[in-house]
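You will see chain A twice below: alongside chain B first, and alongside chain C after that.
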Partner chain A sequence: MTLGTMTAQESTGQALHVDHLSVYIGELHILEDVTLRASRGRCTALLGRNGSGKTTTLKSIMGLVPPAGGRVTFYGRDITGRPAHEVARLGIGYVPEDRGVFTGLTVRENLLLAQRKRDDERLRRVVRLFSELDPLLDRRAGTLSGGERQMVAIARALVNPVRLLLVDEPSKGLAPRAVRRLAELLAEVKKEATVLLVEQNFFLAAELADHCYVLDSGRTVYEGPMGELEADEETRRKYLGVA
Partner chain B sequence: MELKVVVSLLLQGVSLGMLYFLIASGLSLIFGLMGVLNLAHGSLFMWGAYVAMTVYGLTGSFALGLVGGLLAGAALGVVLETTLIRRLYGNPVGQILLTLGLILVLDETVKLIWGPTLLPYPKPAFLAGSAEVLGRAFPHYRIFLIVLGALVWLVIHLVLNRTKVGLIIRAGVEDREMVTTLGIDVKKVFTGVFALGGALAALGGAAAGPFLLVYPQLGLNNLFPAIIVVVIGGLGSFTGSVIGGLLVGVTQSFVGYYEPQLAVAVNVALMALVLLVRPHGLLGHRGV
Partner chain C sequence: MAKVSRRTGTERTWLLTGGLLGLLFAFPVLSPSVYYVSLLTSAALYGVLAMSYDLLMGYTGILSFGHALFFGVGAYGAGILMRDAGFDFFSAMAVVLALSAVLAAVIGLLSLRVKGVYFAMVTMAFAEFFHILVEKLYHITGGSDGFTRIPTPVWLGGTVQKYYVALVFAIAMYLLARRLVSSPVGSVWLAIRENETRAAMLGYDTFSYKLAVMVISGMMAALTGGLYAVVVNFAHPGFISVSTTINLLLMVVIGGVGTLSGGFIGALIVQPLGRILSSYFRAWLLVFGVVYVLIVLFFPAGILGSVRMWRLRRRRPPGAPRGPEAGPAVPTASPAGPGGAPMTPAAPRATPGAGPAAGDGGAGGP
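This part shows the complex of A and B:
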């Protein structure tokens, strides 16, 4: 695949820096002092149990949940609290936990809606990569299976030049075969774009990610190379419930 | 019942239904996309009638009157959304109080400008006659209302289904937060949809003026049927508002022929029946 998402200068260094991020919802502290970095051209995993603050972290980066404190910078540019449409236009793609596919639109309409500048060639390349979608282009997205919807959601995030892809629980609710295909596709995507991946499926995250952070009750409790966490059984068991 | 009476009542109901559709479609789109139940929508309908009547009176052109009414509705929609309603997104109680207040302000302003009495809005000469349908006279003006409603439906249907703006509106009705994450500034779309809703309501008022006459309670009297149409069709569904409008218009026409005092009550019963069978309305949750 060649989606031309990263320039040569962007292929090394730091894409995203989340610095001491705090988020409250009402009186409730959802995130407290979360700090993380996503290196250019790498896949960084954000792990943790349900309710640990992973989704809120992504939403806050994307401008969907306003932070109470801290800073988010994207290629050195402060994007803290910027509205989501501005964040997206900087080249940040977002695949939410519930896929966010528009079920009343066809697959083609879902893709065309997302494309900010008409680029048929790019659209063709994306459809080539997600080859299962080709015969489904004129089907209403509401009739697709969970795996197919997930493909639409990721494909939709790639129809514009994307410098950072935020992916929230992509394997959730998918059959094992669909998870395998998803892993193949995300492995292709990470060759071209920086990926910040929230995932409950530890083994999928271990396969894709180079670096990881573990959140627990809204705080960062672990940071390190993915390989180290794979070897650290105690941390896995304590914070992820994975032996 | 004789066939000619049935056809006559059916045509009468369709013309009334098209008027309801014009008011209700904007109300439905605004609610579907923005979650705002704009109770002042009927007042925009009334403003359309007053402005169209005035422009028609000044220029002698019925078409210019319609355009004037439509533009006035669009402009009012933009002003109300950008200055007042935008501050109350996500606050339904605030929206209800605000739009109730706007009814008072808009209706009283009409009285200040045009006075409190009923005003004549003559039909243009070319629409004043009648056509014969199965031996019964059917007014040209009602035929005009049917054609206008069908044209508006066709244009908006094409915009919604064949353009990028339409795609954004259809997607926004389903999940507006997701639309923003695709780099689309939903606030601008909101203003546009409010303008479109206001324009449709005002065009309805401009076209209804010669038919219903023009008076300061015109908006309030037509708000209730419009809400019934929106609920029957399904909130947020443009096609639903066409079907709802026609159902309400035709039912009202037939029931009104036999039991005039039940003509309005039957629509409430129809709404209750639809909600019992389909709690989200006929086309609710099916997109625009």
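This part shows the complex of A and C:
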């Protein structure tokens, strides 16, 4: 299944560079000098415990939380503090933690709404990829299960040519069977788009990601290939609570 | 993409609509007195005004307390241009449209930077400013007395003619509004109402869309105001007052928020009922208050909204959530985009338990 997301030129090198990003919310220092890179065509995982700043990092990249310092560049272009709609139009898709589907609209309407420029063929391919959604197209998204909503959220991000996909806790609250299906879908998506994945489920992240960063109290405390972190039991135990 | 439309009860809806329109067109013949015809004329125009407010509040989630300003601008603009500057009706309306568009754009640019109650306060301040201005510019506007002697076009000469013009105007405006909310732009308005941040995350410049709805609803209100002033041959500072906007809010809430036609139902209750009650009871406002309370108690989503909710419940597949997420009277928009070709060869309607994940008990949401 191909979504034709990346151009050949974009399939190598660096897609996203977050450079010494700091974020305050009120008096609280949420992120402090967070630096990370997402390589083109790869899946990069952002790991850490609850409250470590993973979601804030994604929101800040997306322009939903203004940074207090640092820089975010996307394919060499400075997007620091740019409004969310501009960031999205550059080809960054965002799947938020709460799925972010429009519950009052049907699945079909959610997908159509997300597609800013008409591309029927792309829509068909996305629905083919997320085949479970096909019989649910006329159902209101508010009546779907968590797994189905997650699929709508990811499918919605893919109905436009997406160069970078930010996915926040896709497995959160899902049953093991739904997580398995989700892993298969994300593995497909990964073939076509650069993915920055925030995930608490270490095993899912290990399955999908090539490279990883670990955040703790708003700071980057670890960076390396996913395989190395899998082998580094001490770091896993210390920062992720996973043996 | 297969067309997104309500497929059930379509025939019944058409029959009802046709019957209602037939009744409305025959009303002057059936009515025992022209008084009731003029009441319905007024209700039709207030219905359009309420509908324009519904575009703003019901479809985009923008609560304005200054919407009556545009109604007043239309009434005063058309009245002054026709009475003092010798404009004919259509030229005056064209100027009113342009003026209201510019005014709505300026007010929108200044006020849409803030949200919620702050937006409501800023718009109320603008409306009050114009309200005071109209009262102070006595030589032009007639001050707090307002003014009459607006030249009436020949084709608007009698009560029945006024009724038919108002009715055709209301139908045309309704069709225009329906077209708008069914368009891609309408879908984005709905998305903004549901969650503005999510709409922005999809790449929509929500500010521009909110500005657009403000300009469109402002123009619609101004056009209605212009026609209303000519029909009643009167313009008054009360047209701009906050109480007029609150009346609109009541009309929309009573009829059903986010339904378009609910505004007409609300206007039909608020306008004629008020006048009829006032002719029978001295304490008619008290009776009115009780009616409002009863409607809100028994029809929390408004009359039309409650009917839609009831129909939705009847159609809901077994096992679907019953909570608020199941969605109250959310208007069905046909979002944009690929509006013709099917998304898949056959896009069947959801059936209970359809799809591998549909009955997946384990895949429950968070």
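One rule holds in what follows: the second predicted complex is superposed on the first by the 243 of 243 C-alpha atoms of A that agree within 3 Å, B and C clash if a C-alpha of one lies under 4 Å from a C-alpha of the other, contacts with A are read in each partner's own complex, and residues count from 1 in each chain.
Everything below uses one rule, namely that contacts are C-beta pairs under 8 Å (C-beta built on N, C-alpha and C of every residue); 3 or more make two chains touch, one makes a residue touch a chain.
Owing to the predicted nature of the structure, the values given are computational and were not obtained by experimental measurement.
Participant: After lining both complexes up on chain A, report clash or fit for chain B versus chain C.
Facilitator: After superposition on chain A, which the two structures share, chain B runs into chain C.
Participant: Just chain B (first), just chain C (second), both, or neither: which does A:127 touch?
Facilitator: After superposition on chain A, A:127 lies in contact with chain C alone.
Participant: Between chain B and chain C, point out the one touching more chain A residues.
Facilitator: Comparing chain B with chain C, the partner touching more chain A residues is C.
Participant: I'd like to know which partner A:229 touches here: chain B for first, chain C for second, both or neither.
Facilitator: Once the two structures are laid over each other on A, A:229 reaches no partner at all.
Participant: In the overlay, answer first, second, both or neither for which of chain B and chain C A:160 touches.
Facilitator: In the superposed model, A:160 contacts both chain B and chain C.
Participant: Could you look at A:138 and tell me whether it touches chain B, chain C, both or neither (first, second, both, neither)?
Facilitator: Touch partner of A:138: chain C, not chain B.
Participant: Which chain A residues are contacted by chain C in one complex and by chain B in the other?
Facilitator: Overlap of chain B and chain C footprints on chain A: residues 62, 64, 83-85, 88-89, 94, 96, 100, 102-105, 109, 112-114, 116, 156, 160.
Participant: Contact residues on chain C for chain A in the complex?
Facilitator: 1-2, 4, 187-188, 190-191, 194-195, 197-198, 200-206, 316-317, 320-321, 325-327, 330, 333-339, 341, 343-344, 347-351, 354-358, 360-366
Participant: Over in the complex, which chain B residues touch chain A? Could you list them?
Facilitator: Residues in contact with chain A: 164, 167-168, 170-171, 174-175, 177-186, 286-288.
Participant: Over in the complex, which chain A residues touch chain C? Could you list them?
Facilitator: Going by the criterion above, the answer is residues 62, 64, 83-85, 88-89, 94, 96, 98, 100, 102-106, 108-109, 111-116, 118-120, 123-124, 127-128, 132-140, 142-149, 151, 156, 160, 172-178, 181.
Participant: Which part of chain A faces chain B closely enough to touch in the complex?
Facilitator: Result: residues 62-64, 83-85, 87-89, 94, 96, 100, 102-105, 109, 112-114, 116, 156, 160 of chain A touch chain B.
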